[in-house]
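Next, two complexes with subunit A in common: one pairs it with subunit B, the other with subunit C.
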Partner chain A sequence: MATHDNTEHVSDATDEAVGWESKLRYFLNSDFVRSAPYWGIPFVLMSIAVYGGTGYNFAISFTDYEGLGTPDYSTLDLEMYAQALSSDAFIAAAQNNLVLLVGFTTICLVLGLFLAILLDHGIRFSEKFQTVYLLPMSLSFVVTAQLWLWMFNVESGILNLVVTTLGFNPVDWLGNPSIALGAVILALIWQFSGYTMVVYLAGLQSIPDDQFEAARVDGASITRTYLRIIVPQLKEASVSAAVVLMVFALKAFTFLYALVGRYRPPNGTDILATLMVRRAFKFGEWAYSAAIATMLLIMALGVIGPYLYYQYKQGGL
Partner chain B sequence: MARLTLDDVTKVYTDEGGGDIVAVEEISLDIDDGEFLVLVGPSGCGKSTTLRMMAGLETVTEGELRLEDRVLNGVSAQDRDIAMVFQSYALYPHKSVRGNMSFGLEESTGLPDDEIRQRVEETTDMLGISDLLDRKPGQLSGGQQQRVALGRAIVRDPEVFLMDEPLSNLDAKLRAEMRTELQRLQGELGVTTVYVTHDQTEAMTMGDRVAVLDDGELQQVGTPLDCYHRPNNLFVAGFIGEPSMNLFDGSLSGDTFRGDGFDYPLSGATRDQLGGASGLTLGIRPEDVTVGERRSGQRTFDAEVVVVEPQGNENAVHLRFVDGDEGTQFTATTTGQSRVEAGDRTTVSFPEDAIHLFDGETGDALKNRELPSNRAIDAFVSN
Partner chain C sequence: MVEHDSSDESVNRRKYLKALTVGAAAGIAGCTGGGGTETESTESGNGNGSGGSTDDTETSGSSSGESWDSQLEVLHGWAGGDGEAAVTALIEAFEEEHPEMDTNFQAVGASANVNLNATILRRLANNNPMSSFANWPGKNLERYSGALMDLEADVWDAEGFKDTMQSRAVELCKFNDKMPAVPIGSHRMNNLFYNTAVFEEAGIDASSLDSVDALLDALETIDQNTDVTPMAQAMVAPWTNLQLWAQILTSQSGVEAYTNFIEGNPDRAAVVEALEALKTINENYITADASSISFTTAGQKVISGKAATIHQGNWVYGMFRADDSFNYKEQWDWIPFPGTEGIYFYHVDSIVAPSNNPSREETIAWQKFVGSKKAQIAFNNPKGSVPLRTDIDPSELTDFLAMTYEDLTDSEAYPPTIAHGLAVTPKTMGACKTAFGDNFMGPFNVEATADALVAAVSE
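Entry: the complex of A and B
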């Protein structure tokens, strides 16, 4: 900063006197130019990979590009978007996405909060327990998918072992379209509730003991204290955990792909991401898939936008 | 309104190794209806633990805690009808001032909403914070937060107020103002109040009575002036009063107290009160030490001025005996007009009617100062 000011000051004062060589030398010596190799290269790579990719995808979505060959940019229209919005498969996938988004996020938050409160309230030596619950988070989607594939197995899976022991008929967890989405949500919750728990636990532990004590002296029961005093103070933790979970819910593709090892996920669990990949790489409908991708991006922005706005209002940005 | 009684109340913590740590030992106190009692002591003396036991935030290990005739030992904090003001205020950050103040009423009473509303507004009027009702604690200054914390206790109209160093987070000027304000409020409301502080000025100025604690044990309970002029023991003598009492260790040799650097002859009447103890500690308050007057009699000593702390109205003069050890210093307060400077040689005298004598081993007071007019002080002391 000081160097920069100094440079400017000198160039102002001697504007008439110095030639363009000196000006160039000042410019090349400025912090901006000298630091360019450090931020410039990642910046360019980032731009090409992310924003270039996004832009290319956006462009393709207006064409009718299909199969092999190169896209034809002569007629650009919204046909693919119209086609997607009127397709049953798209609507079903969007609905599943919504169920996943809302169901998975809500249950994860509630379960994580519950676990965090138990840990915070009962067991103060919670570090070992934290690890137990956080461990699933460290597994990759592929591992989680395999693990739950075994557990969901109709004949030998542990879930059906429990179900039949209790005297019910075995359940075809992933084969039954009306249960499959629930089963997927269950597996994802298993993986992510540890994360929400840790986020909440950090929030809870930053609340001083005297809040509990003040509420106690004020005559509130433990349950009422949590409901009226403690949980409302976890608003920020909830918001940030929810955003992470929702973004994961939108791109649960990895998990579904790993579950079956092919582009078509179990019936009843098709989401926009799987639909998009299948359409593109199995059927070569590039433009159609690009349109789905754009809509997925808009949905993700729809989740992140309000969060950024919230952060901005809180003075966080 | 109620009378709070502590009967041999003891609190023992068990540490991780299974050992016992006695935090509070057999404290018996009788706090009258409407009384303002200050629990004072250095940090770690058990005063906060005692208060928290009264609040129900800590269990009582032994002894009995009673509100009127009701034993509180097993009663949970929620059901005690006691309000507490926390040192950190513990305001609920997500609730407005109104929300903070009505929470206790909503949880502990079945009052209808508009009555709660009315009571909250009356209380904020009384505290002069009615324009802050819709603000959140984060938008308030320290002093305002402090008032809200007080209001939260007052609005509940409890049997007892407990205050845990409520003024310690305020700056000095505001603290002095709030001291007066708190006393006024407590007087108006007439609610039995227990006030914990480590600040002896607060203890002296605010309480009807002061209970001095040290090391989990009650050292003395009495009016502030009682504790000041007639301390039970060495600890109370040293703790109450600012600057604190000068204490000199020494021994009785014949009819003379021999300290480090000075010999102080004791009169027969004084010696009779000592009961044969030979190890003694002599105490004298800084304001009773006369500095710089002409040498007149045996109880006057040569001294050197080490440091002068001028405060305008008076000076705190740190001195040492010319014949004494370098480290042995004592303090005298002189009027702000008097001219003494560091390095000056002067004389000091300790009037015999102003000295205290303590047993060197037990620390118990053997002789306290005589008061210039016993009648006047007794009127203070015995109310």
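Entry: the complex of A and C
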């Protein structure tokens, strides 16, 4: 870039040892400037789209912005946060969010680990199983939501076919508010346990066979080998998988929206993301929704922050 | 959503990046500019609203003849089925009338106008209005308060619509001393559609159903005498319960009780009584999968004979008609919701114009067209709704619609629908839906729902 414009001044530059032109030239030739188009543009775009958006959201959340028009920044206060924290709908959504976060992540990790260990034992057709388990992950939320909506159907859904064959009464998966969240978690686990399996499998396959052999020579049982030797070595994999899953749990909005085609998910499954979008785009309560968004961001940072710190401690950053 | 027009084929990476940067810069300018001066945003009200499809080329009084300068951009939610057929017919008729005009009709899909309303709200909030959009008139317009165009002189008076439209529709299109909307069609809400074969099998005479109690008895009879589920109900969203409850309330306690409720003077005893009846229906007579199906699936159950009756707006007529083996007066028939004879429960679809309009002249021409006989007949026949003009020859409509149209022009009372925007503000409507969503999707908590409903309208 811009290095061809001062060829005439070369002789001048030699007169004074370091004239401003050559300083400029050095500067323009530096790695920093020459690489700028490559990192600069993404950086600018990121700052505008992500951090700019976050900042604007933050600013709005202190106003009383509602409906059409422009926000009024003359009186800034925490009223929207107070209003949200004292609202039953917000508390219920936050609780659901927490249940989703913990339940979904834990079960996904355990199930994924179990599947990974099975596959690591070199069972027959293990590659094919691997593909089968991973396949749901490649599907869009929109597809899986529709699929599960059919499977959850009380009369004709396959889940109730299984339940009634086993001799139980049909379950109203989405209609019963005390079951609905569990049903949603079940569907999400189906979609994401394949992902944890792959992460764990990669971790398992990087552990040298010697350790298994050594354990066997020492007379350790298989369970003991895994619990004491193998699983502790999967800490890295667990942490990174858990972070990805938690972030997915926080933004399960897509799944819930695709499930019913509207911003109000089945009774008992309202999460912060759906509440936020509903208040913003149905009622134009921009400030209130922005406050919810900020708190959602804090929750996400609460998940990511410790991970980044952990990585930093490990020397990964 | 679809804000790019795919005209340029040679979009290379550089152009794309440039566009992105410009867009991002405009975005941040919009963000930071919002806090600045308010005069700025009002001044940009004439013509060059940021990001509109037109630039400074304001039409200079060239409305006569067929020379249009700006693109007409209309957003609507009729993305499939009968709605799509209806809007296609409407667009074809319009393009016949104004072949020179550059038009852009966008269907913003998904159920119940969720995406449409969100898109409109977002674009109006960003001061990036379209020419017109489809929405309910009445209290629903509260959502767009302060951003609506006045069509009274240019459209309503110019075309004499105030004389040719139903007076109720005229009233519903008034908002804050402006008339920003032109009605396109009306659905009737107080319907009970039934499968004739099932009613025959159960030995029920539909014409004898004149009250909610009679309906409950009939549902019980169907339950006892046949294998068919007495009623199809879609509860994937709470609005179906809300509208059915409104019918029951009106049937049991009269139009006045309903009117009092929507006007903010609810009679709690009447509210509870109607909820009790709805609870009886939902607990005993509807299909078990109600919680996971939409009203189209529920309608299919009546067609396939798995359910005997359904209460819905007469948009299900558009659905029934699509099935050639399921015909009016043969396989299915209709009665007004039991106990609401002589009442036409009022629903209106309209086309609304926002202020700061990017294509003033084109919008006026389009809105004039929407109110014309030609448009109303072209749209309503496929849609399954009826025109709001009083001078339509019923023979231009299908049999069922002609019957509905006669009721539209000749009923005793026309209560506006609560679940579809006319009766209460969007906020109150949302609170009423939440009342059902939180407490009445099974288990059915009558007291809590009643409290929430009363609180919703009393606020």
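Here is the rule we go by: the second predicted complex is superposed on the first by the 296 of 317 C-alpha atoms of A that agree within 3 Å, B and C clash if a C-alpha of one lies under 4 Å from a C-alpha of the other, contacts with A are read in each partner's own complex, and residues count from 1 in each chain.
Keep in mind that, in the parts below, a residue touches a chain if its C-beta (ideal position, glycine included) is under 8 Å from a C-beta of that chain, and two chains touch if they have at least 3 such contacts.
Worth saying up front: this structure is predicted, and the values here are computed from it rather than measured.
> What is the contact status of A:Tyr73 with respect to subunit B (first) and subunit C (second): first, second, both, or neither?
Second partner only, subunit C.
> Residues of subunit A touched by subunit B versus by subunit C: which partner has the larger set?
C
> In the overlaid three-chain picture, which partner chain does A:Phe283 touch, first (subunit B) or second (subunit C), both, or neither?
second
> Is A:Phe248 contacted by the first partner subunit B, the second partner subunit C, both or neither?
A:Phe248 contacts neither subunit B nor subunit C.
> In the superposed arrangement, which partner chain does A:Arg228 touch: subunit B (first), subunit C (second), both, or neither?
Touch partner of A:Arg228: subunit B, not subunit C.
> When the two structures are overlaid on chain A, which partner does A:Phe192 contact: first (subunit B), second (subunit C), both, or neither?
neither
> In the superposed arrangement, does A:Ala214 touch subunit B (first), subunit C (second), both or neither?
A:Ala214 sits against subunit B, while subunit C stays out of touch.
> In the superposed arrangement, does A:Phe104 touch subunit B (first), subunit C (second), both or neither?
Once the two structures are laid over each other on A, A:Phe104 reaches no partner at all.
> For subunit A, which residues lie in the overlap of the subunit B contacts and the subunit C contacts?
The overlap between the subunit B and subunit C interfaces on subunit A is empty, containing no residue.
> Tell me, which parts of subunit B touch subunit A in their complex?
55-57, 76-80, 82-84, 86, 88, 90-94, 103-104, 107-109, 152, 156
> For the complex, which residues does subunit A have touching subunit C?
Contacts found on subunit A: 41, 44-45, 48-49, 52, 56, 59, 67-71, 73, 89, 149, 152-157, 170, 172-177, 260-264, 266-267, 281-284, 286.
> Help me check something: in the complex, which residues belonging to subunit C touch subunit A?
Going by the criterion above, the answer is residues 17, 20-21, 24-25, 27-28, 31, 34-35, 38, 41, 110-112, 114, 117-118, 121-122, 124-125, 143-147, 235-238, 287-294, 426-427, 430, 433-434, 437-438, 441-442.
> Flag every residue of subunit A that touches subunit B in the complex, lowest number first.
Residues of subunit A touching subunit B: 208, 210-211, 213-221, 224, 228-229, 232-233, 235.
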